[in-house]
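Shown next, in structure tokens, is the structure this report addresses.
The chains carry the letters A, B, C, D, E, F, G, H, I, J, K and L, assigned in the order they are written, with residues numbered from 1 in each.
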Amino acid sequence: MTAHVYKITEVVGSSTISMEDAIKTAVHEASQTLRHLRWFEVTETRGHINEGVVAHWQVTLKIGFTMEPEGANK
Amino acid sequence: MTAHVYKITEVVGSSTISMEDAIKTAVHEASQTLRHLRWFEVTETRGHINEGVVAHWQVTLKIGFTMEPEGANK
Amino acid sequence: MTAHVYKITEVVGSSTISMEDAIKTAVHEASQTLRHLRWFEVTETRGHINEGVVAHWQVTLKIGFTMEPEGANK
Amino acid sequence: MTAHVYKITEVVGSSTISMEDAIKTAVHEASQTLRHLRWFEVTETRGHINEGVVAHWQVTLKIGFTMEPEGANK
Amino acid sequence: MTAHVYKITEVVGSSTISMEDAIKTAVHEASQTLRHLRWFEVTETRGHINEGVVAHWQVTLKIGFTMEPEGANK
Amino acid sequence: MTAHVYKITEVVGSSTISMEDAIKTAVHEASQTLRHLRWFEVTETRGHINEGVVAHWQVTLKIGFTMEPEGANK
Amino acid sequence: MTAHVYKITEVVGSSTISMEDAIKTAVHEASQTLRHLRWFEVTETRGHINEGVVAHWQVTLKIGFTMEPEGANK
Amino acid sequence: MTAHVYKITEVVGSSTISMEDAIKTAVHEASQTLRHLRWFEVTETRGHINEGVVAHWQVTLKIGFTMEPEGANK
Amino acid sequence: MTAHVYKITEVVGSSTISMEDAIKTAVHEASQTLRHLRWFEVTETRGHINEGVVAHWQVTLKIGFTMEPEGANK
Amino acid sequence: MTAHVYKITEVVGSSTISMEDAIKTAVHEASQTLRHLRWFEVTETRGHINEGVVAHWQVTLKIGFTMEPEGANK
Amino acid sequence: MTAHVYKITEVVGSSTISMEDAIKTAVHEASQTLRHLRWFEVTETRGHINEGVVAHWQVTLKIGFTMEPEGANK
Amino acid sequence: MTAHVYKITEVVGSSTISMEDAIKTAVHEASQTLRHLRWFEVTETRGHINEGVVAHWQVTLKIGFTMEPEGANK
């Protein structure tokens, strides 16, 4: 078995809908420039408040990915 | 530019529906007595279990706010 | 009042739907073998990504329970 | 079931006797101005030393309370 | 020398008297079902407040134990 | 010796000049509404960037104070 | 796809040889009573010293496993 | 409102003058290759000592930025 | 006012009686070789278990002290 | 002396042999695309288990590097 | 290349002027009794408040040093 | 049983060979000036990179020791 190396990038996704949607937005955006995304880990959950209600959900993620074209399963 | 000072209060919101709803409940309650709420940060996510199912979602938040009447954007 | 002792078990629930669903799955599974579950605390939120979208939500929980048949409220 | 919101205040109690006494002092003082205290959590334990012996025990607590007049049990 | 393996279990002891008593209660309860308990580590100290005074001390412990019948000293 | 109780409030000071100035701003603002401030502890240091340069320093502090009119020295 | 639930157990492995050997010992011991071990995470690395040299390596692990007979890949 | 995604990069700035200068140096360097820097957070403060005096201040920062050409305010 | 420098030493006190007694033991022992001890902070609370009961309380402390002969009050 | 700026990248190396080998693999892979690597820091140690034995060691590293052609020593 | 061993000492510097000055004070004091100081790391930043203004800055440092007479560069 | 007091010292060992060797180096060096070393705990693992390969392993340890001539077993 070959030795895999994963890289980790850190992004903040935001959404007006939900925490899951903020995460999906971040993963989608990351997938535009990076291929072979494998996993994520939430490191911070924040949000903005406007006029007394939650205006944005902001979730910070670490996303792991690999350069290898195939089959690295973590 | 003037120097802003934010204050931070810590609250726990609960909900029988979802984590987002627990957060919205906490923000709404805080907005009843504090004006100019700006942002929140989740510090703990817990819940109660009854008869083997989740009965309440409980989310602890730090909420930042300012006394200033206008325009402080963080 | 008698002195209660709670035990804590750690589980990871997964779901293709949402973070709340991953937690509910974990609590439900734990309730199959342990009675008198009382509370949970989220310790880690991760997920798997496949083809650029979130494939699974994975939430790690500590779950507190007691052996006592009745009435321990925390 | 209604949605509860707890507030959290942070205090430092001190005592010349013991750590428990420092906590009791803090809880008692908080109860003078806040009603419906529900739980506490210790976040730091320190003390002062004088002439080579412990002079004060100082315990920092987060105390959760609710504005509701009745029945919120955590 | 043989290689020892310790297992760790996490429990919450409660007491109306003191933090030490909450710990003793947890250790005693664990000793009813597990033999060869070796050490504990406090991970959290909390409590319940009723009518403005501390009603319960709640201390969370990790307890290390071994299956071996004899002599494992840590 | 009497038993002192300190309260802790959390604030964020900002400044266009320096981290020390952000802290001084926060302490000054807190002193407008709270008397007998005793100590502070930095919990987070952040800032805003505009046009590639630091526009604001933002320092989060916990500030300890006491209600007592005299002589509590920590 | 079905929803998986992993359980986590915490163990301390020791070895007179190396940190890797202490981990292998812990995993091997856990595999005697638990099937379907999937991953581990190191949470603490300690050791004992005797006569000025390292006598034991002690590594604390969290080990994730599943009850399912087949195919859960993390 | 569109959903923003911020990226986070981690850098260490150094300076012989002050901590603020080390941060400014890091932000300036990052602005040479990344546009639309928005905020920073200090994660570590270290320094080198030479001949008994501080020779360099070294501050580690996380810097958030966005690809969007306009108007993302956090 | 002159600039004070405190030094910090880390010790573990043990006792068969209580956590406070373990701390007092550590402070007393430290005072045998160091003068002008000023404060302590608890960083870890552990203990040994023998025959199913707590045999020792072990508390790890950081102790601050100063070389100055007089009057440094923290 | 000029002011240096280091960048930090986060990678996960894996190996079937040892933790050191996983780190070496990660450093080697990073050196293929980044020059002037200076130091690393381990942030997480995990592994996969297959058939009751450790199948992979996975070590997460932060790696510091600089763009400068020469002589930055940390 | 020989194997270096660094020792770490922990000190608190104070100053009425700035955080940098508190650090310089601590490093200077440490250099009076220890030679070959190499680096420091800030672990805590606190201060005292008097009459509503910052009276002292107090910065806790870990300082690394070596016994070796020459050339250990970290 | 008498009350033991352990002291803790913090050191960084380095090695060109492995993490275990860096730890052994640190323990050996500490044993030259301190007797009755009892245990260690790893607090940080770092290293230096030169020409794209790991040049040194650097492991930071806390080492516990006692002044007592005999028999303190932890």
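Convention: a residue touches a chain if its C-beta (ideal position, glycine included) is under 8 Å from a C-beta of that chain, and two chains touch if they have at least 3 such contacts.
These numbers come from a predicted model, not from an experiment.
> Quickly list, by label, the chains bordering both chain J and chain K.
Joint contacts, listed by label: H, L.
> What chains do chain J and chain L have as common neighbours?
Both chain J and chain L are touched by G, going by the contact rule given at the top.
> Report the chain whose mean Cα position is at the greatest distance from that of chain B.
Computed centres place L farthest from chain B.
> Hey, which one of F-H, E-G or I-L is the same interface as J-L, over half the contact pairs lining up?
Within F-H, E-G or I-L, the interface duplicating J-L belongs to F-H.
> Whole-Å distance, chain B centre to chain G centre, using C-alpha means?
Each chain's C-alpha centroid was found; their separation is 38 Å.
> Report, in whole Å, the distance between the mean C-alpha point of chain F and the mean C-alpha point of chain G.
Taking the mean C-alpha position of each chain, the two centres sit 44 Å apart.
> Averaged over CA atoms, how far is the centre of chain K from the centre of chain L? Could you give it in whole Å?
Here the centre of chain L sits 22 Å away from the centre of chain K.
> Could you state the distance in Å from the CA-based centre of chain G to that of chain L?
A distance of 23 Å separates the two centres.
> Please set out, as single numbers or ranges, the residues of chain F touching at least two other chains.
10, 19, 48, 74 - these are the residues of chain F that touch more than one other chain.
> Can you list the chain H residues touching chain A in their complex?
Going by the criterion above, the answer is residues 1, 3-10, 62, 64, 74.
> Would you tell me which residues of chain E are touching chain C in their complex?
9-16, 21-22, 25-26, 29-30, 48, 56, 58, 60
> Please output the residues of chain K touching chain H within their complex, sorted ascending.
19-20, 23-24, 27-28, 31, 37-42, 63
> Using the touch rule from the top, collect the residues of chain C that touch chain A in their complex.
Interface residues on chain C, with respect to chain A: 18-19, 44-49, 52-54, 57.
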